[in-house]
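See the structures that follow.
The following pair of complexes shares a single chain, chain A, combined with chain B in the former and chain C in the latter.
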Partner chain A sequence: MPDLKPFLVLGFALGGVFAMSGVGLVVLYRATGVLNLAYGAIGATGALITWSLLDAGWVPDWVAYLACIVFGGAATLLYGVLFGPPFSARDPLVKATATLGLLLILLGAMQWVWGRDPHGITLPTSRWNYDLFDARVSGTQVIGVVFAIVVTTGTAVFLRVTKVGTAMRALADDREITATLGVPVRRVEAAAWLGSGLVCGGAGLLLSNLVGLDIVGLTFLVIPALAAALIGRLHSLWVTLAAGFLIGIVQSSLTAFSEVAEYRTLTPFVLAILALLWFATRRRQTPAGSSR
Partner chain B sequence: MKRSLLGLIAVGVLLLASCGDDDDGGEDASPDETLAPDDTVAPVTGSGNNVQASGECGAGTGEAATGEPIKIGGMATNIPGVDFTWITEMTGAYFECVNDNGGINGRPIEYIAEEEQVDPQQIASLAVKLVEQDQVVGIVGSTSLIECSVNDDYYGEQGFHLIVAGVAQDCFSSPNFSAVNMGPYYSSLGGAQAALRAGAEGTIVVVSPNQPGFDLINSGVVEFAEENDMEGVSILEDVPINDPAGLAQRLVAEAGDGGGVVLDFTGPTVLPLLQAIEQQGLIDSVVWASSTPPNDPSLAAELSDAWNGKFLINAEFNVLDSGEPDQEHMNEVLEQYAPDVPLSSFAQMGYLAGRIATDALLSIEGDITKESVNEAFRGVTNFVSDILCAPWYYDSTTGSNVSNNVDLTVAPEDGNMVQVEECFKITDLPGNPLDEIRAAEEENGLNTG
Partner chain C sequence: MSEPDVQASDEERAPLAATPASTLPRGEAVPPETIRGLRPRRDPVRVLVGAAALAFVTFGLPGMIDRFWLQIVTSVVIYSIVTLGLGLLIGRAGMVSLCQFLLLAIGAWVALRLDFATSLPFPLLVLSAGVVTGLIGALIGLPALRLSGLYLALITLMAAGAITVVLRIAQFPNGGGGFFGNSAAGGASSRLPRPAIATGDTAYFRYCIAVAVLMFLLALWHVRGKPGRAWAALRQSQATAIAAGVNVTLYRLWAFALASFMAGVAGALLAAASGGVNINQFPVQNSILLLAVVLMGGVYSLGGAVVAALLLRLLPALLDDWGVSTELLTILFGVGILQVLLTAPGGLVDQVPKDLANLGRGLRRLVGPRRAGDEAPPP
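== the complex of A and B ==
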């Protein structure tokens, strides 16, 4: 039996960022009905902008880091403002597919502007290291975990106690009725796009340190986040948070077992499929009329 | 209901995304013998007819070629984590330079470079397109994960002899291909030799992309380890690597303290792994080595000083800032004709393929036809360049072509790649044909300056 402790530690850190990204996806979906598949691409683009600013040395480092988060918010908000209203009445599947277009545009743009040379960002927090269970934990990894919990808690509180949050929850239930009640739907949706984008930018910055600044790799890291969001049924922030951690921990732990390590990247798919099957089974077992 | 449907669609997207991403006859390679002076080879220097003046390529007339184009084809893999199009782009850049310098006796080269995505059907179709639709007379610079395996028979039937940059082992075991490089099998082996010389003991781990054929590529390092009374471990890893810290931990655990690890990834893929190794404090746990692709100054620039001299990269070609004439010429061509291609070993492969093909085309007396071009390619012997450790030739006469079988080791040092070992012979093993090839080289006067 291999020593799992370092893999559990690393998986917890990785899962934190999956969880944070998943929560960002769920918040946006609940408020706008859009499953943003371009989430990873937006974060990757922001991280590459940060890399360019650091490389050029035009601005202080902290401004370059902030640029990633700002880009995430701005790009997501811009997409939401431009394309949200025209797609608002369409099926969620159409809305999700539209974000694939954004993903492809950003992917192409990144490969055109930055695609050939290796790139890397090292946050100052990545140099704050301490040893835990034979794994070296960096400050960035700790931030990833803490940030995920803070974002989830903050979002849950925001949705519960603020006017905008209440409006977002109402939108999630029924957009048309909410609009007739006088809720400024577009402004509320814009807030959701902005908030989700800011989280996306933050996740991109952290992932560029934890996973590496690889254009394709970061772009498709939306997949574990998407799996976490699916396990949370695109509704529950806390289940999404837990699922993100679970995916990270399981995937990392499988690394330690030579026999199955090759297949560990299937972890998000397997867990998401198992969760969907379980939901489907449970729905069949629930007597008609007993659901709320 | 909509949410359930969306969930199922999303799972479908996830699954689709997942698809996108795979004794005797030789000397005993004991550590002592690997270090033996006999294995060290004096590098050739750029001199004689093969060295070209600044701004000149091919015939070097300085006048643009205007005649009927000579069609040359090429094909390169381009998938997430594996992009070989730098090589065909650099070959194309050299041909552009040739066209600006009189072309091939006044005729420009029209280079048709295709991209493929590791789909055998697509790769077979592209070969047919190049040969039968485009009617290319030769194929140069092709670099693919599987093309040599897929199209070997077809090219044989069509009478093509390709000058390629080889990846799959079939590129080195067929008379229809001759590669300017030695490919990941031999380059990883060179990395393992360097690791052993640097003191690796116990176990040598080799890790490659989880793509078709890479288990065979890893087998050389495994066999080399076993020949040296060590354990050899082969790992295939999905690329891009999405948990580099975990993989770093696994590699060190598999190699054990003081063991060796040979990485076989491209620069953009290996950088996050190297950064994770450093972050995890594992640089000094094992000896880290690599096949050629990370021999890239832009990668060295991204690594911290902690890696100085501690990442032994088997370089199939000279360092890029050697200052030698051929290398300087390549750097000029790249800057002028392909500024988007990184200065890298891939660029060296593309440049050499273009240079060798151009020299062969210029040597043809009479009509330029498919037959004459491929005969000229096949007849190349003793092509000298300071980018190579030893002269290059096409045909070993053994049925297996590994013309580039001597190279060197570089390592990052203060943001640059520097040479840390002299040119040395890649070790022959029972599982590879180097022993037979070197005997043929000696008998036929190949690989000599």
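== the complex of A and C ==
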């Protein structure tokens, strides 16, 4: 049995970011019915902007880091304001497909501006190292875990307690009735887009640190987050959080077993398929659209 | 095949399983010419023009272009089989698959592996690559078929990621041992030997056209027959389809397997094309580019598949030739997805003739005000 501790630590950190991204996806999906497949691309673009700002050295470092989060929020909000309303009455599948358009636009722009060479960001927190159970833990990894739990708890409390959160839950049930009740539907949706986008920017910044700033790689890191969201049935924040951690830990631990180490990035797919099979045995013939 | 059924299914088409009203820009009634334009075209003139164009491309074109462009055009033909399958899946069955591009790779892999393991003739290799890929595609779709279309799309996106990972490890067979049949000594690219009747580039181009025509006929047969009607019913309302006795799971699975079969067939053809195949040809983002071009080409007519393949293979080569960055094309395709979903559900095949007609009308009005006056109703 190989020593799993270092991989567990890294897995927790990765899982935290997957979980956080998954929660961002689920919140937006619940409020607007849009599953944002461009989530990874937005985070990656934000991280590249941060890299450029750091590289140019025009602004203090913390402004550059903030820029990634702000870009995530701004880009997501802009898409939501422009394309949310025209697609609002459409099938969730169409809404998700439309975000693939955003993904391609951002991917093309990134490859055009930043080329195909890898870049790198090192957050100052990555230099803070601790020893935990014989494993090195960096500050960024701790932030990844803590942030995921804070974001999930914060979102759950927000949805339960605040007026906007209540409106979002109402929107998730029925947009038309919510509008009839006098809820400013578009403003509430905009809030969901912004919140989800800010989390996305944060996740992009952390992931660019934890797994490297690779354009295509980061863009398709939406896949493990999607798997986590899918296991949470695109509804439950807590199951998504747990699934994100599970995916991160399993994927990272597999690194220790040389026979399967190469295949470890299949983890999200395999776990999501298993979850779907389990759903399928518990539920017969779901009418289209009722899975929201 | 009964006539009214086909027409009903064609008039009430809706992309991606949306309700018919929502496929149009908001606040617009269905313009009559849309419905007329979307009816199955049985016009003998059109059929003749199509046949003449096909004959020209098959026999005239290879003599007019050099070897490089012949390779590009061959790949356009091969890719039109993939876009045909995906177009059927989206436009007819109302499902979205994001792993078609990787299924193409699987088709190529299976054909190569079978070629190294057996001595099957080329047409059988192509057929078995199609069947195996169809089965794999059906297996991928199976867990999500009972859930909504969104789940299926997500599973296929994850499958695309997963296949990419496995492909990077396994590589294409190049004569090595073991199940994967790859050895480092064999080189990065693998190429399937061509059939004896089509060893040259021009002959192989014609061979691909023949296979593509067969696939288009297969698609036409499905669309006009019982599966087409079942898919049309499913797309309108699953509950109604069940009430009408349509086996929902079977027909969805069939659509998925058919699209995968076509991807597999195309994969086998691709493996024998010039240069063969290597894993760098199959990056995961191409699955999304494929979806974009299929939507842009038009998912409601079989001609859209050809336009999609031209967008995917010919346009990048042309841009490269003119020194324009191909990354811009990715951006354009992204805009294309949004544009098609928002305002032009029929894609380019449907939109361009309409826009040209509008432009022509506008120009006539601009140039000849007197003629515009002629159209005014008599007092």
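Following the convention adopted for this analysis, the second predicted complex is superposed on the first by the 279 of 292 C-alpha atoms of A that agree within 3 Å, B and C clash if a C-alpha of one lies under 4 Å from a C-alpha of the other, contacts with A are read in each partner's own complex, and residues count from 1 in each chain.
Criterion: a residue touches a chain if its C-beta (ideal position, glycine included) is under 8 Å from a C-beta of that chain, and two chains touch if they have at least 3 such contacts.
This one's a predicted model, so the numbers in the text were calculated from it and none came from an experiment.
**Student:** Specify the outcome, clash or fit, for chain B and chain C once both structures are aligned onto chain A.
**Tutor:** Superposition check on chain A flags a clash between chain B and chain C.
**Student:** Just checking: does A:214 make contact with chain B only, chain C only, both, or neither of them? Give me first, second, both or neither.
**Tutor:** The first partner, chain B, only.
**Student:** Per the contact definition in the header, classify A:163: touching chain B only (first), chain C only (second), both, or neither.
**Tutor:** neither
**Student:** Output check: A:96 vs chain B and chain C. Expected answer is one of first, second, both, neither. What do you get?
**Tutor:** A:96 contacts both chain B and chain C.
**Student:** So, does A:251 touch the first partner chain B, the second partner chain C, both, or neither?
**Tutor:** first
**Student:** If we overlay the two complexes on their shared chain A, which of chain B and chain C does A:282 touch? Say first, second, both or neither.
**Tutor:** neither
**Student:** Applying the document's definition of touch, where does A:10 land relative to chain B and chain C: first, second, both, or neither?
**Tutor:** Only chain B is touched by A:10; chain C is not.
**Student:** Classify the contacts of A:261 with the two partner chains as first (chain B alone), second (chain C alone), both, or neither.
**Tutor:** In the superposition, A:261 contacts chain B only.
**Student:** Contacts for A:119 in the overlay, against chain B (first) and chain C (second): which applies, first, second, both or neither?
**Tutor:** Touch partner of A:119: chain B, not chain C.
**Student:** For the superposed three-chain model, which listed region of chain C (79-87, 115-123, 223-231 or 277-285) is the one that clashes with chain B?
**Tutor:** Of the candidate stretches of chain C, chain B runs into 277-285.
**Student:** Between chain B and chain C, which residues of chain A are contacted by each of them?
**Tutor:** 35, 37, 91-93, 96, 216, 220, 223, 226-227, 230, 262, 265-266, 268-269, 272-273, 276, 279-280
**Student:** Would you mind writing out the residues of chain A in touch with chain B in their complex?
**Tutor:** Checking each residue of chain A against chain B gives 2-3, 6-7, 10-11, 13-14, 35, 37, 91-93, 96, 115-120, 122, 126, 129, 131, 135-136, 138, 210-217, 220-221, 223-224, 226-227, 230, 233-235, 251-252, 255-256, 258, 261-262, 264-266, 268-269, 272-273, 276, 279-280.
**Student:** Touching residues of chain A toward chain C in the complex: what are they?
**Tutor:** 35, 37, 83, 86-87, 89-94, 96-98, 100-109, 111-112, 216, 219-220, 223, 226-227, 230, 262-263, 265-266, 268-270, 272-273, 276-277, 279-280, 283-291
**Student:** Quick check: in the complex, which residue numbers of chain C touch chain A?
**Tutor:** My answer: residues 15-19, 22, 26, 96, 98, 143-144, 146-151, 153-155, 157-159, 161-162, 165-166, 169, 238-239, 242, 248, 283-285, 288-289, 291-292, 295, 325, 327-338, 341-342.
**Student:** So in the complex, the part of chain B that touches chain A is made up of which residues?
**Tutor:** Answer in residue numbers: 2-11, 13-15, 17-18, 21, 80-81, 83, 86, 210, 235-238, 240-247, 249-250, 253-254, 267-273, 275-276, 279-281, 296, 298-299, 302, 304, 340-342.
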